[in-house]
Amino acid sequence: MQITFQQVEYRYSFNTPFEKLALQDINLSIPTGQFLAVIGHTGSGKSTLLQHLNGLLKPTEGLVQVGEHQIKAKQKAKSLKSVRQKVGIVFQFPEHQLFEETVLKDICYGPMNFGVSEEDAIRRAKELIVKVGLSEEVLNKSPFDLSGGQMRRVAIAGVLAMNPEVIVLDEPTAGLDPRGQREIMDMFYELHQEKGLTTILVTHSMEDAAHYAEEIVIMHKGRLKRKGSPEEIFSSADELFEMGLDVPDVVRFQYQFEHKSGKKLPKTCLTIEELASAIRTVSDGGEVL
Amino acid sequence: MKEIIKVDDVHFRYPDQNSFALEGISLTVNQGEWLAIVGHNGSGKSTLAKMLNGLHFPEKGRVTVDGIVLEESSIWDIRSKLGMVFQNPDNQFVGATVEDDVAFGLENHGVPYESMVQRVNDALKSVHMEDFLNQEPHHLSGGQKQRVAIAGVVALQPSIIILDEATSMLDPKGRKEVLETVRKLKEEENLTVISITHDLEEATKADRMIVLNQGMVFKEGTPEEIFLLEDELIKLGLDSPFTIKLAGALKEAGIPLSKTYFTEEELVNELCKSHFNR
Amino acid sequence: MMEKMIFGRYVPAKSILHQMDPRAKLLFIFGFICVVFLANNFVTYGLLGLFTFSALILSNLSLRFIIGGLKPILWLILFTFFLHVFFTKEGPVILDLGVLSVHEEGLRQGIFISLRFFYLILVTSLLTLTTSPITITDGLETLLNPLKKVKFPVHELALMMSISLRFIPTLMEETDKIMKAQIARGAEFSSGPIKDRIKAIIPLLIPLFVSAFKRAEDLATAMEARGYQGGEGRTKYRLLSWHKKDTGALVVLALLTVVLIIFRG
C-alpha cells in the first residue's frame, strides 16, 4: 500500500492568533514495503508528519494518499477509520496507552474496534504475545503488574494485532536499556522482512537509521530537507552537522579519520566491519583486496 | 582518595516482594570522583541510588554518607549533603515557574529570603537557564527541565550529586546539555557525581564504573577495565562502546592496535601514527 | 470556542490592575460582591456600570477581547433576563402577548438582575485576567494565614493548589497523547450513541489516572529528596508587597459603598 504526500502543508491552530506553520511543501512517496527512517530535530515536524499518516491530523493544504484513501482538509472522521486500521502507529512510550484488566483484553481492544471477532482477536493476541518476546501466561495478568519493558511489548502487540499494512514507529526504543533496544528493533525488522510491512521509523538514533532503513528522510523546520539512501544521506556529513544533526558513530569516525589522515576511504561506511576493512584497504596503499 | 560514601553488605527487598532487589552490595564512593553505576533495567541500580538518599532503608547492612550512618533520624542531614536528579523531567518539577522550582529546596531548608534570591539566580546562571526565570515548565524541553532540576540541587550546595537515569528520557541534544552541565559543575564546585545509567557512552566518561547485575555487584573498575569484558557486558543486557567494537573489528581486519581502550580521537590519532605515518 | 473563552484565563500585560497585590484584588472582589446588592435603582446600577467600565479600562486589555470572551456567558445572562421578564408578575402589565405577559416590575427586575450578573462576571474575570493563578494562590494563602492558629492546613492547601495548577497544562498534553493513541487503535470519541461515547472514555481515563498516580509518587519522592518535611520551618520565596495603590483600591471600594447607599432608592 503506497503512501504519498502531495504539497502538504499543516498549520496548528488554524485561523487563530496562535497559528503556527508546522509542515510546508511536503512531497513524499513511500512505496509499499519500504523501511523508511525519518530523522530531524525535536520540533522539525516529524511528529506532525507521522500523525498525517493515519488521519489523526488532516493537512490544511494538499493531499495525503494512503492506498486508495485520500486525506484532505475537509475530510470527515468516519471515512478515516479504515485508514487507521491499515496504518498502525506505535507512539512514544506506548505503555501509557494500556488500560484493560488483562493483557489479553488490551491487545484485543484495537482489532475489535475494527470489527474483528473476539475469537480471531484472541487468536492474534496469542500469536503476537510470543512474537514480541513474552510468554502466553502474561496474557492473563494485569498490564499494570508488568515491568516497563514488558508493558511496552504488550502495547506493541496491541498495535500489531490490528494487522496493519503499514507500521509507524515513533522512537520505539526510548528509555529502554541496550538489550531491550536491540530486541525491539530486531523484532520490527524481522516483521518487515517476513510480512513486507511498510515500516516508517522516527528516530534520533543515526545508527538505527543507517542499520535498518532503505531510505532516509530528513525533516528540518517543517520541511523535507533531503531524501535518499543511508549511504547518500550520510555521505554529506557536513550538511547534517550544519543542521545540528549527528551521524552514525561509524560515519563520524570515518569523517574524523579522513580529515586527520588525509586519505579518503573508498565509500561511505555504515557498519563497523565495512569501516575496519575500508581502513585496511587504504593502509595497503589503496589496493582493493 | 577519601571515602565519602560507604555501602556495607546491604540487602534490600521491596515490601511486597520475596526476592531481593539488592543482595549483599558493598561499595565505596571516593570524594571528587565521577562514578557510573550501570546495569540492565531491573538490576537494582535505581534502588541503590534511592537508598543513598534515605528513600529506602537496608534490611541488612549499613550505608554511611560523609560520616553519617543512614537511619530514620539522620536522613534530613544526609539529604542536605546529597542532591538527586531523577529520570522524569516533569515529575520532579514542583514549582509553577523555573525560579519557583529552584527555590523550593531552599524554602524547605528554611533559607532566609535575602539569601534565597541570590542563590536562585546563581544556581540558574550556573546551568545557563538564567533567561528562563519566569517560564512555566510546559514551555521547556526535557533537557531544560533537567537543567532546572540540577539548579535546584546545586542551590542547596551539596557535596554529592546523584543522577538517577537523569538522561534516559531525553533526546541526544538534551542528554549532551545535561552531561556537560554536570561535568562543568563538578569541576567548579568539586562535587562527587554518581551517575546511574545504562548509556554506555555516558559511562565511558566516568572515572570509575560499577556494574550491577540482578541486585549484586558484578564488577568494579575503570571504564577501560570494564569495557574489556565486551561479550560479558552484552550478556548482562548492556553494550560495548563504539571504539571497543571498532578496535576489535580492526584487529580482525589485520590492523592490531597497541592499547586496548581509546576515545574516538585517540583511536584516530593512533591509526594515523602507527599505520599511516601522520 | 474554548480558545475565545476568557473566564478564568490569565492575560499578562502592563497595567495598574496587573501590578496590584493579589490580596487587595481578592479583598476587593469579596467586597464588590457584597456591595453589588446595594444597588436597587437605575442611578445606582448606572453608577456601578460606570465603575465597572472604568475598571475594565484600567486593565489595559482590549475591550473587544474581553467582551468577545464573555459571549458564552451572554447566553446565560439573556436567559436570566427573559426568566424575570416573563415570570415576575408584579406591577402593571406593559405588554400582553396572550399566553405570556410582561409586567413592569418584571422588566425592571430583569434588567437589574441581568446587570448585576454581568457586573459580577466582569469584575471577577478582571481578577483572573490580571492575576496569574499562582499569584492568586499566594494571595489566598497569605490572607488565610491567620487560620493556621486554628490548625487549618493553609500551607498544605496552598501547595496542593499550586502543584495542581502547575500540572494542568502537562495533564492536558498527556490527555491529548492518550486520546491520539486510542484513536489510532480505533477508538471513537466524537461519534456514535451517548452510551458508546461514555464507554469510550474508559481507555482515556484509566491511563490518565494511572499516570497521575505515578506522577504523584515520583513527585513526592523528589520533594522528600529536596528536604520537604511539611510546612514547619519553611521560608517563602514569593513575597507579596502591599503598596499605596492597594490601599487606594480598598478606599475606592469604601467610597463606592457610600455613594451607593446615598443614591439608593
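Lettered A, B and C in written order, each chain numbered from 1.
Please note the rule applied: contacts are C-beta pairs under 8 Å (C-beta built on N, C-alpha and C of every residue); 3 or more make two chains touch, one makes a residue touch a chain.
Worth saying up front: this structure is predicted, and the values here are computed from it rather than measured.
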| Steps needed, at minimum, to go from chain A to chain B via contacts | 1
| task | Check A-C against B-C and say which one is joined by more contacting C-beta pairs. | result | B-C
| If you average the Cα atoms per chain, which one ends up farthest from chain A? | C
| task | Express in whole angstrom the distance between the two chain centres, defined as the mean CA positions of chain A and chain B. | result | 30
| Chain centre separation (chain B, chain C; CA means) in Å | 45
| said: For chain C, give me the residues that contact two or more of the other chains. | reply: none
| said: Under the definition above, what is the set of chain C residues touching chain A in their complex? | reply: 3, 174, 177-178, 180-188, 190-191, 202-203, 206-207, 210-211
| task | Note which residues of chain C are touching chain B in the complex, please. | result | 132-134, 162-163, 165-166, 169-170, 173, 214-215, 218-219, 221-229, 233-239
| note | Within the complex, chain A is touched by chain B residues 40-42, 141, 168-169, 171-173, 198, 200, 234, 237-239, 242, 245-246, 249-250, 252-255, 264-265, 267-269, 271-272, 275-276, 278
| said: Help me check something: in the complex, which residues belonging to chain B touch chain C? | reply: 50, 53, 55, 76, 79-80, 83-84, 86, 88, 90-97, 99-100, 103-113, 116-117, 120, 136-138, 152-153, 156
| remark: In their shared complex, chain B is touched by residues of chain A numbered 41-42, 147-149, 174-180, 182, 204, 244, 246, 249-250, 252-253, 256-257, 260-263, 272-273, 275-277, 279-280, 283
